[in-house]
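Chain lettering (A, B, C and D) follows the sequence in which the chains are written, and residue indices restart at 1 in each chain.
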Amino acid sequence: MNFDLDQDQLDAAAGAKQFFGGQASPAQARAALEDGPVAPGRKALADIGFTGITVAESAGGAGGSLLDLAVVAEQAGAVLAGPSLVTAARAAVLLADQPELAAALADGSRAFCVVDGSTPALDAVGADTFLALVDGALVVGGGDVVTGRPMDATRGLGVVTLTDPQVLVPDAARLWARARDVALVALAAEDLGTAGKAVEVGVAYAKERHAFGRAIGSYQAVKHSLVDAWVGVEQLRSLVWWAAWAADAAPDELPLAAAAAKAFAAETLERAAETCIQVHGGIGFTWEHDAHLYWRRAKVDRLLLGDAAEHTDVVAGLVLAGALA
Amino acid sequence: MNFDLDQDQLDAAAGAKQFFGGQASPAQARAALEDGPVAPGRKALADIGFTGITVAESAGGAGGSLLDLAVVAEQAGAVLAGPSLVTAARAAVLLADQPELAAALADGSRAFCVVDGSTPALDAVGADTFLALVDGALVVGGGDVVTGRPMDATRGLGVVTLTDPQVLVPDAARLWARARDVALVALAAEDLGTAGKAVEVGVAYAKERHAFGRAIGSYQAVKHSLVDAWVGVEQLRSLVWWAAWAADAAPDELPLAAAAAKAFAAETLERAAETCIQVHGGIGFTWEHDAHLYWRRAKVDRLLLGDAAEHTDVVAGLVLAGALA
Amino acid sequence: MDFDDTPDEAAYRARVRDLLAEHAADLVHLDAGEEAADPREQEQALRRTQRVLADAGLVGVAWAAEHGGQAGSLAQQAIVGQELARARVPSLINHIGIGMCGPTVIAHGTPEQHEKYLARLLRAEDVWCQLFSEPASGSDLAALRTTAVRDGEDWVVNGQKVWTTLAHVSDFGILLTRTDPDRPKHGGLTMFVVDMHAPGVTVRPLRQMGGQSDFNEVFFDDVRIPDSERLGEPGEGWRVALTTLLNERVAVGGGGNDLGLSIESLARLAGEKLPGLPAERQVLARQAVGRAAVAALANRYTGYRRLTAISQGGLPGPEASAGKLAGTAAAKLVADAGVRLLGDDAVFAAAPGDGSGEDGAGRWQRNQAWLPGIAIAGGTDEVLRNIIGERVLGLPPEPREDKHRPFNASGSTR
Amino acid sequence: MDFDDTPDEAAYRARVRDLLAEHAADLVHLDAGEEAADPREQEQALRRTQRVLADAGLVGVAWAAEHGGQAGSLAQQAIVGQELARARVPSLINHIGIGMCGPTVIAHGTPEQHEKYLARLLRAEDVWCQLFSEPASGSDLAALRTTAVRDGEDWVVNGQKVWTTLAHVSDFGILLTRTDPDRPKHGGLTMFVVDMHAPGVTVRPLRQMGGQSDFNEVFFDDVRIPDSERLGEPGEGWRVALTTLLNERVAVGGGGNDLGLSIESLARLAGEKLPGLPAERQVLARQAVGRAAVAALANRYTGYRRLTAISQGGLPGPEASAGKLAGTAAAKLVADAGVRLLGDDAVFAAAPGDGSGEDGAGRWQRNQAWLPGIAIAGGTDEVLRNIIGERVLGLPPEPREDKHRPFNASGSTR
């Protein structure tokens, strides 16, 4: 039993933290709501190698595991970075047997977006290469993207109409399912980072802000709600690690672990973000404060790739089918 | 707008409180778990006139409203009295056109039980006259009662097989539905009393018990959980009053109000009882303390006559059908 | 128990309805969630609306006649409120003046102040705001740091207020200041009427997380207030503020009103969206709609109990705090059920092709983004629970170290 | 990251498995939720089981050799635990002695005490209990009132303990007493080893809300304890107790074990009951089962992280409290999902015809009635949240008025 990150992963997390800390921030997520650029952007992510973490070395990637990607995604989530590593993780699975396209994912020469029917797709804004499942086949093509007023501009959501789709893999249902599970894990990892940051920001404020003669973090109402949020984050971390580990080491466990992680991530991030606002009192719901940017991420991410009810039902189905036996 | 009890109802509540305080108690509910008698018992309830509150005066009842009965039922709930006034309220509706049986309900010469198919029926234990809906007809008959080990012995639950059923009203579906709605209101009223008492007991203990140099009720964790339970009780009181009032004054509103009251009662009582245990710490989960008796009532009542999910769905259906328009 | 009007109330209601019909052309009408295109124009229209209503005897219904009111009952005031809502006339622009500032001036002001302010307030010739909260003192209001220093016949005010509703259109405000930092925090406060157009007053709208600006920051730089504009004695400001806060309790949510979108709105949306869902999602959506409806109904009928108590002559007690607490929880259930019904559109602040943001989706999203604020504004959930726990349930307060210490020696200055 | 045994661990596991197979005939085997008919017989069987295991080298795995242990790793200890569970061997009867009392005696006892107690403890020749909590001091342990007064070479103990697991079968206990009421509450405590068969010790089982008795009350009337049975110096009892509590943290739920019925049990029940439900109820039941499973899995894998930390040589820190908190919440979800699946039977403690109470329904109901206790026993949810908030998140503690005041002058004596 060794359920912990190894030194390489710890180092990767530290490096990612430094990179994202310099390249993205809630302030940029706020600016993106008023038509600023999404940070760090596709090019920077490719240049540092993050879009290729799970792309095979032969295709110019790092040939890493999903867990390697998850520790980086957590750091991306902490600063509300965009585009999402979810897209990279998912595309890397889909393009495992397409060396040229995989190389374009790793080096950033193409901007990918993975499309689920008419559901708004992550990172559709600015994408030039769209992957989709059409009649059981994996296709690639261009796309027309229709966007709304974004709730969280870093997610680049848009409704995509595929143009000129070409079949890449004719019988791709299983590949698509695995890629989607991998996407769930990467999304849960980003949410883990965002939720952890929201709690951290809330804790820091609760130590500093005084009311009635003492720090508000000394009051049980504030203290206990931060604790509950923190406990949720740590429980989520365990599910994310398990699911990411399973993707490579125990693929049979992936569907259960991925669904559990996504369902738990949705509720954990929502609670962490709402707690962050509530702890801050008045300034917590101002535009200039970061709290609402975590909250926006929470309100969007909980619905992406299926909501908690959907994944809870998947978990129930798998458990009933003997997944734990 | 006068959404309050009138003086007669306040007097009736005070009288009922005195009666039940002398005739029933959590201690007796505890003894009933070990085969003691259910208190105050059918005879005492009939003698004081409580089984006949909503029976017509012409049949020897008080000809009162459901609200009159609800204020008494609340007091019954506060001391975990049995049998339930739910049975009296429901039977009184069903027997509105059966003067002899109604008189037997009011004077206690018969022990009624209302049966919903094979679902365990309230007050089946010790009943001699069973009412049921069979093929759309209201029937009366004897019954064989099979009981389990009771979780709350005051509820007298048993699975009933009707014997020698006689048709009382051939086309009784609407009558049955109204009687069931009335039963929901009476049950919610009893739960209101139990929940209010559980909060009261918790509050009293929180004032008296000290830890770390001060009363535990001064800690926000304890204070706020009692407040939330209390707020729930007061919200429930409003729904119970509305539903009871609607039964006589605005029958069209009864199905919505009754379902809302029952759904809310189930969760309010559960929270109040669990809060009561938690506030008491160790002694709260001992056999000798009353807290678990409120808890037992909560765990049983939440499932009687349909659970919260069932009634929540009814509320949704009515709201969607324009009940609020 | 009944929900009907008494014959007197019914007659009054009929008269109100007639008056509203008669003056309809001079009143603003607005649907819930609808916003005006031009704020300045809207302000003028709202001022005019209140003036017309005041002249028709529909403003200050329960105020005493000597202060320009109608000497009516709180029940009559509630009836006017209901009929205005029914006629889709929005809240009075001077609702804070009428609900909080006016009663404070009445209780603590001089005859000269009554004369100078009250009639104009009722007709919205002057709009009022309440300048209490500060960046470093929200829940702990008595920790405020805005100072007023005596200088001849004037006081000189320096500091910053925040969360000031309507400050950007206000002519006057009631302003709580610290005049004696050597006294314990509650003891060194003094209340004033401040002219919002005086030199040194700067109002800056504060943008909320949803993007809109319902509140302002107000800065005071050497603002001079004549001593004749003091409300109550120097050092008695806390007592004066309690009058305001008591009146605020009625105004903020205690009455069982929906704090977000109404359950009726949710019912309409659900009626539209539910049939398009797969069967198993319908089951879950119906649970969400039903739970929200039960919570909203419980809160609504609890509000009727409080209105009954008030109309029987009771004062709004601390249990009104329960109304805001439960109303906030209900509003969140309603909002979440609604947003989830939007389906794919729920990930956008306004869905594709929904440019104006005024249709269904945008309205639910704006509501969702407003709700985190209602658990904070007008008393956080935590403070409300303390109030109920201590003043209704009689549970002991927490130990306070800051209460009796001189303000300038206390941790409260942090 | 991996969940597999290292080669060494795999070899050790194989050896444990062999030993358990070899001694199977001498061990008690019990299914979860199963209870023995005759408690006295069961006690003897459990003592025998532990003796057999101890002689096979499977008890005190991580204890030092000088104290009779196997000088193994915590990972090996975890493996033994897993294999015992796999072989359906119930918890060691002396689990409190091994987990808490023994380590306390080791850390603070004299060589004579080590000699006298530890070997017998490991073989369950003596069963031990922990006598800390009192009726008036649960969460606030240091407020305890049981006194020990020096009298020649003895101490004379008077008072009452409560929530004492296993006291009714115990031979010895570690007993925390107040020896100096003039000192602040934490400063006047002293720890002893007490002979549970000594004159003046009375044990009374305490019946819980579910009807069973897992705990005892213990009364001390002029019980004499020789000074040689003192653990640590007089007045140092709090420090000694902290050793016990640190070890308790590992024992109580911090490891991610299910605190109620397992998610596997729920899966089996759901598999049986779900197909019989109407479609819309299946949707809701699946949500309940899924939510419970997610919570239980999250807690289980978090436990693996803590076990990893411990096996890498870390000490169980305050974050283990999070394991109990989350485990309690997960257990409640599992229990509620299970009880609701019972359908009509869920209103009975044991359903009609379910006389023994040992089949499905009764088991789920017993579990339900046990769960309110787990949010209290071994640290209430509230106390655990304080611990995490202050020691993990670094949030400031609440002001304490009782800490430095002499105990007999404090409100704690109420």
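In this text, a contact is a pair of C-beta atoms (placed from the backbone, for glycine too) under 8 Å apart; a residue touches a chain by one contact, two chains touch by 3 or more.
Just so it is clear, the structure is predicted and the values come from calculations on it, not from any experiment.
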Chain whose Cα centroid lies at the greatest distance from that of subunit B: A
Distance between chain centroids, defined by C-alpha means - subunit A, subunit C (Å): 39
Geometric centre distance via CA averages, subunit B-subunit A, whole Å: 49
Gap in Å, rounded to a whole number, between the CA centres of subunit D and subunit C: 52
Multi-partner residues of subunit C (each touching 2 or more other chains): 280, 283-284, 287, 382, 385, 398-399, 401
Sites on subunit B at which at least two other chains make contact: 214, 219-222, 224, 309, 313
Topology of the chain contact graph, where touching chains are joined (line, ring, star, complete, other): complete
Sites on subunit B touched by subunit A in the complex: 219-221, 224
Complex contact set, residues of subunit D against subunit A: 1-5, 9, 75, 78, 263-264, 266-267, 270-271, 274, 283, 286-287, 289-291, 293-295, 297-299, 301-302, 304-305, 307-309, 311-312, 319, 322, 325-326, 382, 385-386, 388-390, 392-399
Residues of subunit C defined as touching subunit A within the complex: 133, 135, 137-140, 143, 162-163, 206-209, 211, 280-281, 284, 339-340, 344-355, 357, 362, 365, 368-369, 372-373, 375-377, 380-382, 385, 398, 400-403, 405, 410-412, 414
Residues of subunit D defined as touching subunit C within the complex: 279-280, 283-284, 287, 398-399, 401
Subunit A residues touching subunit D - in the complex, by the definition given at the top: 1-6, 67, 203, 206-207, 214-215, 217-220, 222-224, 226-228, 230-231, 234-239, 241-242, 245, 249, 256-257, 260, 263-264, 309, 311-317, 319-320, 322, 324-325
